[in-house]
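Several structures are given next for inspection.
Below are two complexes that have chain A in common, paired first with chain B and then with chain C.
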Partner chain A sequence: MKLSIQINEGPYQHQASDSAYMFTKAALEKGHEIFRVFFYHDGVGNGTRLTTPPQDDRNIVNRWADLADEYKLDMVVCVAAAQRRGIVDEGEAERNKKDATNIQPQFRISGLGQLIEAAVQSERLVVFGD
Partner chain B sequence: MSEQIKKFLYLNRRAPYGTIYAWESLEVVLIGAAFDQKVSLAFVDDGVFEIVKGQDTSESGFKNFSPTYAALGDYDVNQLFVEKESLEERGLSIDDLMHLTWEDEDEDWAEKDSIRVVSRSELSEIMADQDVVFSF
Partner chain C sequence: MSELHTVNKSPFEKNSFDSCMGHVLDGSAVLLYEDGVYAAIKGTAMEGKVTSAQGVKFYVLGPDIKARGIDAARLTDGIEIVDYAGFVDLATEHDKVVAWV
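Take a look at the complex of A and B:
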């Protein structure tokens, strides 16, 4: 089945990203297709490479990045939500005159149209959040 | 943008200003309106407060985004379901809500109400009938 995933909460504060990761990984291992993973609301916080959790805990950002590398996942961070919360790639840094970037390279920043398109193109949109 | 037409329901469950879900939901609705899908909104639980009339955020510092709901009709978003039980549980009635309308181009731009109050069981049927439910 062709699925898309929406994640509405940031890492660690909330289980949504963990549950979404496990669901996505299990779906891929079962041979399902993941059309897109879309990060919205505080979910955009899953896309910063600057997180440094304690070494004996899971690294949520790296875990997503590794999964993306393994399965060529399209992981999209909503631009409007990202701008509010300070998730920045080079294009956004230039456009908004910021002195740094923090996006994890396996993620990309794009518009909400990507979420709508994912909902249209996929057989199911599975939403993780409160 | 896409030849495929699906039924999209945006389910609004939260009060407008305590969290950002309501405002960011509205942003999805506005962007999504460009995609020519069949769109409706539902307001349940504290989500019914999102469309209460006379919202004033001046002392909280939050942006008052409630006027945006009045523009939805211009985006061909004109099916707004409000759950009757959610209103009643909060001591509200349809008279407490903004008067949201749209203009029907098939009937010489006649002004029509966008809001329809439905029961919990009607709403569950509406939800079951959707292809996609965005829950905020």
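Take a look at the complex of A and C:
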């Protein structure tokens, strides 16, 4: 079945990013298709490559990135939520005159239309967050 | 049309479980996960709300009760334990998923 995932909570906040990751991984291992993972609100914090959690803790950002590499996931960060919270790719850095970028390469910044399209194209949209 | 409702906050912290119970229909299912699992404990004010819901099947996420030190014996009768693969099955077997975040 074709599924999409929406995540509204940042990494290391409560448990939503962990739950969403475990659900997504279990769905992929069962042979389901993940059409898109959409990061919204504080969920955009899952997309920065600059996190350095302690070595004995899970690395939430890298874990998403590894899953994306393995299954060719489309992981989209909401642009308006990203601008507010300082998640930046090269296009955004140029447009908004920022001196750095921090997006993890497996993520891309795009608009809410991507969430609507995911909801329309997928048979289920499963939402995680606060 | 059957729905899977998911509740991830404790009923002693937020009212999302009560909101869910006000909307859930006969033939639907409720999955309690993260801090939502506290609604599944026998002997709390939530027990009656679970047992009196006609035609509603309740599930709890096993790894989340384990993480909170809740033994399966403490769950309200009739609540079924599932793992993440079971969560995926519930999402696909029902017509839609409603997240009471």
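The rule is short, and it goes like this: the second predicted complex is superposed on the first by the 130 of 130 C-alpha atoms of A that agree within 3 Å, B and C clash if a C-alpha of one lies under 4 Å from a C-alpha of the other, contacts with A are read in each partner's own complex, and residues count from 1 in each chain.
What we mean here is this: a residue touches a chain if its C-beta (ideal position, glycine included) is under 8 Å from a C-beta of that chain, and two chains touch if they have at least 3 such contacts.
As the structure is a computational prediction, the values presented were derived from the model and not from experiment.
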Does the superposition put A:Trp64 against chain B (first), chain C (second), both, or neither? neither
May I ask you to decide whether A:Phe107 touches chain B, chain C, both, or neither, giving the answer as first, second, both or neither? neither
Given the touch rule stated above, what does A:Val120 touch, chain B (first), chain C (second), both, or neither? first
First, second, both or neither for A:Phe39, with chain B first and chain C second: neither
Partner chain in contact with A:Ser19 - chain B first, chain C second, else both or neither: second
After the superposition on A, what does A:Ala80 contact: first (chain B), second (chain C), both or neither? first
Could you give the residue numbers on chain A that contact chain B in one complex and chain C in the other? 8, 125, 127, 129
Chain B contacts chain A in the complex at 1-2, 4, 6, 8, 20-21, 24, 27-28, 31-32, 34-35, 37, 132, 134-136
For the complex, which residues does chain A have touching chain B? 6, 8, 40-41, 80-81, 84, 111-113, 115-117, 119-121, 125, 127, 129
Seen from chain C, its contact residues with chain A in the complex are 6, 8-9, 33-35, 63-64, 83-85, 87-89, 91-92, 96-97, 99, 101
Quick check on the complex: what are the chain A residues that touch chain C? 1, 3, 8, 14-16, 19, 22-23, 25-27, 29-30, 32, 123-130
